[in-house]
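These are the structures in question, set out in turn.
Here come two complexes built around chain A, the first alongside chain B, the second alongside chain C.
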Partner chain A sequence: MPLPAFTLHRPRSAADAIALLDEDCLAYSGGTELLMAMRMGLIRPTALVDLKRIDELNTITLGADRLLIGAGASHDRVAGDALVAEHAALLATAERLVGNARVRAQGSIGGNICFAEPRSDVATVLVALDATVLLQSASSRRSVPATEFFLGPYWTAREPGELLTAISIPLPAPAGVYLKFQTVERPTVAVAAVALPEGGYRIVVGAVGDLPVSADYAQLTAVDAADLAARVEPVSDLTGSERYKRHVTEVFVRRAVAALAGGR
Partner chain B sequence: MSVPTTQRPTGTETATGRLGDITLLPDGIPKVTGDFAYSSDLWMDDMLWGVTLRSPHPRARVRSIDIGAALATAGVTAVLTHEDVPGSKYYGLEIADQPVLAVDEVRYTGEPVAIVAADHPETARRAAAKIVVDYEVLDPITDSRAAMSPDSPLVHATPTQDHYPGGGNILRHVRIRRGDPTLTADVVVTGEYDVGMQDQAFLGPESGLAVPAEDGGVDLFIATQWLHVDQRQVAESLGLPEDKVRLSLAGVGGAFGAREDVSMQIHACLLALRTNKPIKMVYSREESFYGHVHRHPATMRYEHGANRDGTLVYVKCEVVLDGGAYASSSPAVVSNAASFAVGPYNCDNVLIDGYILYTNNPPCGAMRGFGAVQVCFGHESQMDKLAAALGIDPVELRIHNAMAEGSLMPTGQVVEGAAPVAELLRRVKDAPLPAAAPTDSYDLRALPGGVSNTTHGEGVRRGVGYAVGFKNVGYSEGFDDFSTARVRLEVVGGELVATVHTAAAEVGQGLITVMAQIARTELGVEQVINQPADTSIGTAGSTSASRQTYCTGGAVQAACEAVRDGILAMASARGLSVEGAALRDGKIVAADGAAVASVADLLGEEIVEETREFHHRPTEPLTRDLGAPGDIGQGAAHLQFAFAAHRVVADVDVELGLVRLVEVTTAQDVGKALNPLSVVGQIQGGTTQGIGLALMEEIQVKDGKIRNPSFTDYLIPTILDTPPMQVQVLELGDPHAPYGLRGVGEPPTISSTPAVVSALRAATGRPLTRVPVRPEHITGT
Partner chain C sequence: MRLTFDVNGVGQQADDVWPGESLLYVLRERMGLPGTKNACEQGECGSCSVYLDGTLVCACLVAAPQAQGRAVRTVEGLATDSAGGLDHIQQAFVETGAVQCGFCTPGLIMATDDLLANTPTPSDAEIREALAGNLCRCTGYEKILDAVRLAASRRTEVTP
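Our next item is the complex of A and B:
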């Protein structure tokens, strides 16, 4: 399908970008998902706001108790950033495994979560890390926990006039493992298993259902893989039947727990 | 005539090397570096772009087509429908049943309905979207077995099946009966097996450039497998004599059978003649999935009866192939499937029914292995099952029944020349096995799931599997698929130069290298130029059926011999003694090895040029079922057989159903390796294509629509999916073939698929009766 006609804006500041955004005018960075959806006729904006020239959206900075990642940072940038590696290694791990080399070079972390494709590597890990996202409109600024940001497939808490400017990860961020099963460009099942800084463990099962499913446990031995597999809501598609995906979820939770226990 | 510009290499550059030498393909490096000029790179400054409007429905009546809004679009020069086809409105390789543009009905999703020319491809696409087609949507016929029923609605209201018995949607039914298949046996195993729809997945999409000529004709630059069969079909649909439709081969980005049928050839020429401008057409990847035929999906039912010692008593097989909406080469594919249904085994009592059906699924046709691939998965699965039932080693069971020189095919044909089935199997079995999977160190790349980090050894089991297969080289059933070559020898700038001209399509297999090697060897000349392939010379036949080195190699050899005879006659006329002489290193060399004369000196300003056709030994059509008792489906239908065996070692994560191939060992008889490097390349590539069918490659069709028309969702093996291969090349020599060679390209694709599945069965204990094997088949969930 041809890309329909649209107007392209190229602001230099976040404020200028925000002033342009509305229901028919969408923010665009790497375009790895948005342009595909436009080609398929699923989204029909009349204008796009290109964020790639806005430097303030591309910074990664360390605060007193949080790591701030600019929404425009590419997957490659996040994966290779020294601050991310030091303070949120799990996110770097997941970012290294996103899509393919072209998607990682072009796609942005903010675009990934704003598009809210359920099979997102990033979303699963952000939920595990208790991340929040910063949303800014012409008149307000708010911070939304990742668990409340994702509302469903391709549906987030972001309002049409809001720009996602940064992702905020509280420090110290938990350490853990990220395992995923993937035969095409997006994961079929993704599991993040982390040891929480305050004690206890968290298992997040993403990609397989509409939203990441998260559960905290006092002990790793308390993780019930079968229970988590029963709680996800997979959809049969080219990558496997619903039954198979539940089966794989259970296996992956078991393996993630074993990997976390084994210190891998 | 104007010629499109290609400033990049076209792969016709001269290579070096004589027959038997390891010779680099001249197109290889440019293809890897991106410098090669593919057909999609063709360009003329004043050209227009053509695009195709396709049916969104698998079956619908076309009530009306309104092109008004499209034609009124700025930049649009032409919008054509079937009404604008001046000649035959239908084309086809064997049966002209496929509309150039839909006439009154569409029969598959993606069928071309209208074509548009504009000054920019985007303009053309947007204009195409404005064409209003009023469809009356009908229920598609998508189940090939259901389509066999006399009660099924018809895909073609007027069935076009030719002289084959059948009826309704049955395009061809091949019956083979020999011996007494009603016998009883000590051990009987039955099985049902399915093969999914594989795509050739060539990387260079359908593309070409049609240039209108001053004589009212057209010059078409095109990536194809057979220039002359395209020329015939294009000329018939344009209503032009063939000499006004001239084709030149453009850079081909892979073929594997998918370029045997016409895709955009007629469309581009129609638009070029209508607009009087050069027309470029290039399919997108998605369009390419709709724009060519695929490998036939198959459902097969087998029954094998054997004595306690493993000797096959009888084999019964019913294979049903889904031909899709149009005939393409389906009648020949089903004949092959029936011919090779038993595998390379001796069996005196056979009952084989091969059916090929019209449905509203995507049309299927030629793909590497051509009918032998599907049945090889069936017969090899059966041999494993029979071995288990008998308690006999599966390789020993195969060897016990192995065909050899002098064996009879199910068709009664005597297998002439080497048929080293037992030796190929022994070689792959006796090759050392790879080391066991490490249990203490983790190299994720070596584990199922690879760098996706899915296992660190949990759930991994190893299996080893074997398979052997064979097929015909060249066209069968009495078809005279000859080739033509012209060879010229002259002195250019003081140097002896041979020029070889054929219409044979180089599609990446290495023919241009082989042709030059032949000329270099036969004429004792260093400089060989391959003239670009076009229709100014007679047909070379198709680059398919593993036949091009045999047939065009034979034609080049014959033309070289004629040139050599001409040189020797010149020498003789000048009083030189040339009895038994040959040409070597630029000289005429007498039988005793003494140099008689320099060829360059002898030639001076003269040119010796000869054109020869090579016709292989005739084959026979299969006898038809005339209702009389006795054996049927009999005859020496095939020219030559080519054999290969595979052993596959696989690690399987049985919990997740993921597979990592550890190693493939293969042995193949190639008769004579003319270029050992490209022989190994063909075997590696063919094996990998078979691995793809075993593990990942399937066009998923639901309700007549392709669900995965992209390389995001249709996966082909990458280098990470491809294991190390031990390739053993046998050169047993076929006395009937040029240089003793045997076709190479297809056998590796045939037996690699069942060998992979055999290894998976050994690792998992699951029956795995369908390819591609999906993870959920392995986990059983």
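Our next item is the complex of A and C:
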């Protein structure tokens, strides 16, 4: 089924892309979410801005105390990048497990979080890593913590005229484990368990509810898996009932904590 | 719009392409290349797998204008060396009985080609991971795994 008509712009710089973006003119990165949403008539942009030819959005660089990942970098690119492996290994682990080979090659990290589909591996890990996202419009530039960027399903703090240029991960990034339960295309439950550089531990439960749920603990033994499972708000669907998903959440939190305690 | 791109090593042009067409539609309906299959149009089944500038993509999730000036390789373009014959992955699928109705086969063969290009001797876990997202309704997958193992063993014989 063809999509409704639109104009396609192909800028070579982020500045040119930003000048075009508005409510009816959307960024087109890998298209793995966008084209489906357009085909289903959920969104009807009159124009798209192809980001794939903007080299500056595809760079991964190391700053003094941050790792900067360009919004256009594909899941494969992030998963295989040496800087990510060295400084934010947890993100590489999660990116290797996204969707399938085509989605990893075609889909971008920026498209993943801008679409804000709740069942996201990326969102779960970015909250665990205290990441911030960099948003740029024609008149402003701002940095928003991941926890404030995600507002709900398919809803973020990004304004229509803003381009997500990069994701910024403060260093040293916490290390830990990432576990998920997935039977179909997208995760049912995702759990990141990390040891924080300043001491203490953080557990993030994602994909199962509308937003990732994050909790910090002084000791790993203080993590209450049942309490976390009670705090998520799963949606009953074909991958399970609410009760089942809470159960799986509790099990995966316990497994993640055991794996972190075991040094795996 | 006019779309100019390379398909299986040959420069091609399509006129009056509607910007809302997918690359899958252009390949099947305008280029007359029905090997790339159309099933879910949602990125979930892998039947439409092609290479776009060497990257394995779902052709159903690529807007046709995005292929402008780029190179596409489809299942029809795999067996270039052996005049009309099959390439070694296709041959392995035939020999192991990994093809039943055949609808999923082109996508699986493209995904296998991509896997073996990057990982010439994959473990079973790597094969499963690479082919996750290529759905087959007929075979139960066991014979597909056999086909990939056979193709991998032959590839390592050819290029030690």
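Here is the rule we use: the second predicted complex is superposed on the first by the 262 of 264 C-alpha atoms of A that agree within 3 Å, B and C clash if a C-alpha of one lies under 4 Å from a C-alpha of the other, contacts with A are read in each partner's own complex, and residues count from 1 in each chain.
What we mean here is this: a contact is a pair of C-beta atoms (placed from the backbone, for glycine too) under 8 Å apart; a residue touches a chain by one contact, two chains touch by 3 or more.
Just so you know, these numbers come straight off a predicted model, no measurement behind them.
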| item | value |
| --- | --- |
| Combined model on chain A where chain B meets chain C, clash or fit | clash |
| Chain B versus chain C as contact partner of A:48, first or second or both or neither | second |
| Which of chain B and chain C A:106 touches, first, second, both or neither | second |
| Partner chain in contact with A:248 - chain B first, chain C second, else both or neither | first |
| Which superposed partner A:142 touches (first chain B, second chain C, both, neither) | neither |
| Partner chain(s) touched by A:28 [first = chain B, second = chain C, both, neither] | second |
| Which of chain B and chain C A:7 touches, first, second, both or neither | second |
| Intersection of the chain A residues that touch chain B with those that touch chain C | 2, 185 |
| Contact set on chain B toward chain A in their complex | 122, 125-126, 129, 449, 451-456, 458-459, 655-658, 696, 700, 707-708, 712-713, 715, 774-776, 779, 781 |
| Residues on chain A engaged by chain C in the complex (per definition of touch) | 1-8, 10, 28, 30-32, 35-36, 38-39, 48, 50, 52, 99-103, 105-106, 185 |
| Complex contact set, residues of chain A against chain B | 2, 97, 179-185, 238, 240-241, 243-244, 246-248, 251-252, 255, 258-259, 264 |
| Sites on chain C touched by chain A in the complex | 18-22, 25, 41-44, 46, 49, 55-58, 60-63, 65-66, 68, 111, 114-115, 129-134 |
